[in-house]
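Worksheet: the structure to be examined is printed underneath.
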Amino acid sequence: MASGCPFGHGAAAAGDHVDPISDDGVYYAEYLGLDKLLTAQHPASAAHGVEAHDEMLFIIIHQTYELWFKQILHELHSVIQIFSQDRIPEKAMGLVVHRLKRIDEIQRILIDQISILETMHPLDFLDFRSFLTPASGFQSFQFRILENLLGIESKHRFQLQKTAYLGYFKAEHQELLRKSEHISLLRLVEKWLERTPFLEFEGWRFKDEFRRTVLQMHQADRDRVSRDAHSTEEHKNLQLQMIDQTIEQFESLFDEEKHAEMVAAGTRRLSIRALQAALLISLYRDEPLFHVPFQILTGLLQLDENISLWRFRHTQMVHRMLGSKIGTGGSSGYRYLKSTTSDRYKVFLDFYNLSSFLIPRSHLPPLPLEAREQLDFYFTMAASPAAPATP
Amino acid sequence: MASGCPFGHGAAAAGDHVDPISDDGVYYAEYLGLDKLLTAQHPASAAHGVEAHDEMLFIIIHQTYELWFKQILHELHSVIQIFSQDRIPEKAMGLVVHRLKRIDEIQRILIDQISILETMHPLDFLDFRSFLTPASGFQSFQFRILENLLGIESKHRFQLQKTAYLGYFKAEHQELLRKSEHISLLRLVEKWLERTPFLEFEGWRFKDEFRRTVLQMHQADRDRVSRDAHSTEEHKNLQLQMIDQTIEQFESLFDEEKHAEMVAAGTRRLSIRALQAALLISLYRDEPLFHVPFQILTGLLQLDENISLWRFRHTQMVHRMLGSKIGTGGSSGYRYLKSTTSDRYKVFLDFYNLSSFLIPRSHLPPLPLEAREQLDFYFTMAASPAAPATP
Amino acid sequence: MASGCPFGHGAAAAGDHVDPISDDGVYYAEYLGLDKLLTAQHPASAAHGVEAHDEMLFIIIHQTYELWFKQILHELHSVIQIFSQDRIPEKAMGLVVHRLKRIDEIQRILIDQISILETMHPLDFLDFRSFLTPASGFQSFQFRILENLLGIESKHRFQLQKTAYLGYFKAEHQELLRKSEHISLLRLVEKWLERTPFLEFEGWRFKDEFRRTVLQMHQADRDRVSRDAHSTEEHKNLQLQMIDQTIEQFESLFDEEKHAEMVAAGTRRLSIRALQAALLISLYRDEPLFHVPFQILTGLLQLDENISLWRFRHTQMVHRMLGSKIGTGGSSGYRYLKSTTSDRYKVFLDFYNLSSFLIPRSHLPPLPLEAREQLDFYFTMAASPAAPATP
Amino acid sequence: MASGCPFGHGAAAAGDHVDPISDDGVYYAEYLGLDKLLTAQHPASAAHGVEAHDEMLFIIIHQTYELWFKQILHELHSVIQIFSQDRIPEKAMGLVVHRLKRIDEIQRILIDQISILETMHPLDFLDFRSFLTPASGFQSFQFRILENLLGIESKHRFQLQKTAYLGYFKAEHQELLRKSEHISLLRLVEKWLERTPFLEFEGWRFKDEFRRTVLQMHQADRDRVSRDAHSTEEHKNLQLQMIDQTIEQFESLFDEEKHAEMVAAGTRRLSIRALQAALLISLYRDEPLFHVPFQILTGLLQLDENISLWRFRHTQMVHRMLGSKIGTGGSSGYRYLKSTTSDRYKVFLDFYNLSSFLIPRSHLPPLPLEAREQLDFYFTMAASPAAPATP
């Protein structure tokens, strides 16, 4: 404990009179493996005898991406481990929020640092581009593992030429990728949601209460429209038709068959019970006990949105860098990438779409009294008998 | 040329029907040295048998910093090489602007990504901090080389305990550091500035013209104050005193002796001639020929400011992480770092202070006619006789 | 000149002994119109008697957007004015670069600050959303004017229901919008590009030289493929087919008819001559005289890309906020917005696609000697006879 | 509920067939007060007949700052209101976290958007700077109110010339400022912390337990040093001396007198009991019940750090813009601003310094059993008897 504080670019050892390079102590460069790290840049242009200044940037930015992917996977693995437990302790839920927040901060940087690569002009890229054939950013196995772990399934992937995605990887990476196909944060979160208490509570069933409320609201809407003396018949019919459509949309929350169709069509991912639970948490998020679960839903949504933003930013950069050269298959790199910015690649798509099913707080069916009590903390701070005591 | 486009995370090979993992072609993971890169993380906590989750982040963020430092040095070396030439071709000046812009984009990320490290709480840092003794971020030899190359001299450095800064490094790094002490972008830029044409031009001398103008402006100020009927004597005297002080400040631009005093005191860095040249470029920056030189001055200033911003952000992070533990020397890491955010560590300090000497464009002494003509381009686009021709 | 420095949040008057609130002087709050500005927030929820905390954020963030739109229009108008001149002085070109850079910095903030609005949860939006009917962000007339001024034409716009876009605006704004439809930065830039010298130069014609070079390169590619002893016939044919497709793509640069087809299809915007000029500038950007023109092309591309990024970020936020409620027309706000992130809304689309036509510097046809001389500056700094003189 | 979604820049009314500009509905431009907002820019240069292009930027960026200050104050007022309650419900604590997070997002933008103003060169500022005398950014009453509400006291302020800070404001703003001096988030948070349960708990007293632990750790350190056979006497003494200093520092946590001295010296702000509570929360933050309180401490620290970052960034910008003109008082705007980046202006200084007092989790004295139970939630999700039920 008496030891100084390492790291902090100069913070170190300041007044500690410790020999800064003692043989048995840790040395910055060794600790960080800088001998490996700073000698891992091998420009292909130099190997071909025509060194291109900008290839160094190209290598280094990709290396920082890969380091950050490793870090994201580190956090993601710990989140997955937590969600893999049968009974997730409250303590662990706090960690999930914290680690999702960290992933968010990393992703912000991943998105922003594309600006660095954009300082490389297409003409400068041409100086070494041909030496890299047939390597492709698609071969970032860490990013593909990330997609797999989150829950993107093979069937959602657009296929490049006729090669299945595994065909782009060497054997050792194929193995890693295959392993990651068997884990899915989406499915773990689904299970966790399905276990949410209060979906049923001593006779009170959320889905019934919610459905009744929604129907009442729509009926009130219908009545208001029908009574409207200033409106034409045509306009009224149009409005009633819209209300009916909205009801129909809401019904997909309760109707297993409709839900199954949407799952088959790829517009829904979660089970109907998990979806209802996510809705419950979103609607009653002000309840203290739902505070952390709601932060988790929001964190997962943010993670997903950040990937979309990164994909889009990346796509624009590629458009600048490569134009829209058309290949024999009629497709271009730019077009492939653009396709991945669609909803098809959103893992937590249901959390986005949840907003369609929110109703104003003022209309929310009240939770049963007992549930409310359990949702509040047993112990609130200010109530502590010890509080007024003086130190 | 027929080859596909490598990289772009999926942009690749899309329609190219090339085998994506042919044996003689380039493979993403190999090109980037991922086997080295992704196995270069060795948490000390794990080695001590008490794995701390957050140490991975600590290692990886420092590694990304070191990678980016390498990239900045790559750009800086090319800029230094350009400025080392006796006669710098115009083409090269464009490159300097471009590479300074790239450094700026990198630095923005270096500053912003501190937010990632701040997701590590001090208590989490404690889990592995003691294993790192006596390593220190001060031992980032790449950052120290960067400082040296820019032009920070040993005499400007605050000393940590009694150890000279080289004492923090192992032999191989000491050698690199010593070599970098002999190169200084500041001094190269100084020489380049001293060669600026138009400081003297067939009898017209910028410094004389500028000085005369400034004195006239101040005299007009004095007259206005003296004539002011609404002002008390006391107020007038105060104002006259202020004008005199301003004149005195301006005189430091022309007075070799005063200038030398300021250099000795560390409040000025450049030679008086280089300073005048920087002022000339700043004042007449609208002239096309000064367009690029002015972008260079601005780029260097930005680089310096970014380092200051990074230092300060870093300092705040360290304050959060370590508090202000007081060492035996009465100093703390936080305090040392804070000291480096002072003007003493600004290399291009004179470019900041230049603003004190600007005068409104409307008062600028006109450049001699011939100089103006040479400053404009010989050939302007719209004047091209070829222009009206149809394709 | 003796006066203190206003503004800088405290920078003021520090040692100047001026009365900080003299009656005839400028007062911060008055100068900025804060009485108007800070009383221009009128939450509709409060007016309806159910104040929603988050509506203030909703209003204020939209107000900052509108202020920044005003600033972007201010810069854009000055750029348009410059490009409207028949003969654009070099000085002015520097200004264009500078102002595009400023727009870039503003746009970065516009994109990033969406994160602020995303702290408003959909349920909080519900608290006041219904009070805003039928107002729409589409009614930001400043943003629509911006689109018009850049060069988005009515025919490129996706139509909302059956109402033409002007139908969303009140009379005074319709007038402003109509006026802005007659100005197009795209068209002005096109004219400027068409006047580029060196497209023809005393018998040397860029398009002929470039075309010849490209055909030679492709012929070399064909020969290499045909001679390849290790390749199967099938593979060879595939490769030759690809080369032919590339040639065909290049031909669209020279063939007026093909070009016209692409313009009609909306995949090209500029005239063929302007496109060739843009290509010329991009290929020979290292020549000093092309330095500034190339910065302008890059600046315009960046502006366009930033709008795309903003649209996409905005779209994601709307998806979170509103889900994907399906309207009677079968369309949702989210889907409409998503459609605007397509290439159809890229004004400087041709500058993106230019990359498809770049060839390595090593293959570039040399500029004719005289042109090269004129492209370099008449006067380079270090050549100044005055340079070696001592101060 | 059938109504469309307003706002979302185009999201609107898409398929809703509502007349977008009905007379009784809300119109975007009116809702946002755009007639006021977009006519509130009055460049002084134009009034003086010499319109300076860049003054518009100067006005608009300051206006966006003021709008955001208003928003921050809006959030801050709600936080203050929550902390003003005697018994703060758990629900409200969640809101505090949420609103601090929003302030954080706003502050990130305030810091970043300084880059926009830096596109204005000092020479361009000179074009209108003299027209603004004697206005000063220091006169941003909203920012001064923000400082007051947070808890910066008059005695901590550096004085500009001899004028007390109120002297810079007109009567109506002085009144607002005076009112804000009586509210202090720092003091409210202090009271809240003092009420933290578990500082004493049925005979278990945190401060006693913690102190005992720390003393044991230090004794162990002393023993280790004394026993070290490889160390010289001199080195041993130095180390023992350091340990003793550390103990002394820790004692300031328990010694009312020492604490009072530090408060008087301005190096501490909170009461000793509040400080102990903040330490307790930080050390045991993994306990679910401390999750939200710890998020609050972190949020307040972040808010404070962001202000520091903004001040520093602002200071650098002013240095660029104004140089370091020396006033009669020997002070410059730049120097004044720089002084505000010191610890003196950190309101939640104690939260930074808390890190000095953290000890590794492995050494933490266990909470008494009963306390632990109460700290965990009464009800954990997975334990719900309802959970296994099928929908």
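Residue numbering begins at 1 within each chain, and the chains themselves are lettered A, B, C and D in the order written.
Quick note on the criterion: a contact is a pair of C-beta atoms (placed from the backbone, for glycine too) under 8 Å apart; a residue touches a chain by one contact, two chains touch by 3 or more.
Note that this is a predicted model, so its numbers are computed, not measured.
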Looking at Cα centroids only, farthest away from subunit A lies chain B
Two candidates, A-C and A-D; the one with more touching C-beta pairs is A-D
Length of the line joining the C-alpha centres of subunit A and subunit B, rounded to whole Å: 37
What is the distance in Å between the mean C-alpha positions of subunit A and subunit D? 28
Counting only residues that touch at least two other chains, what does the list for subunit C look like? 1, 16-17, 130, 238, 242, 246, 321-322, 325-328, 359
In their complex, what parts of subunit C are in touch with subunit A? 121-123, 126-127, 130, 238, 241-242, 245-246, 249, 282-283, 285, 298, 301, 305, 308-309, 312-313, 316, 319-328, 341, 352-361
Considering only the defined contacts, which subunit B positions touch subunit A in the complex? 1, 3-22, 25-29, 31-34, 36-38, 40-42, 44, 53, 56-64, 66-68, 70-71, 74, 78, 98, 101-102, 105-106, 108-109, 112-113, 115-116, 118-119, 129-143, 160-161, 163, 167-170, 173, 314, 317-318, 321-322, 325-337, 340
Contact footprint of subunit A on subunit D as seen in their complex: 1-2, 16-17, 86-91, 93-94, 194-201, 207, 217-218, 221, 225, 238-239, 242-243, 246, 272-273, 276, 286-289, 291-293, 359, 374-384, 386-391
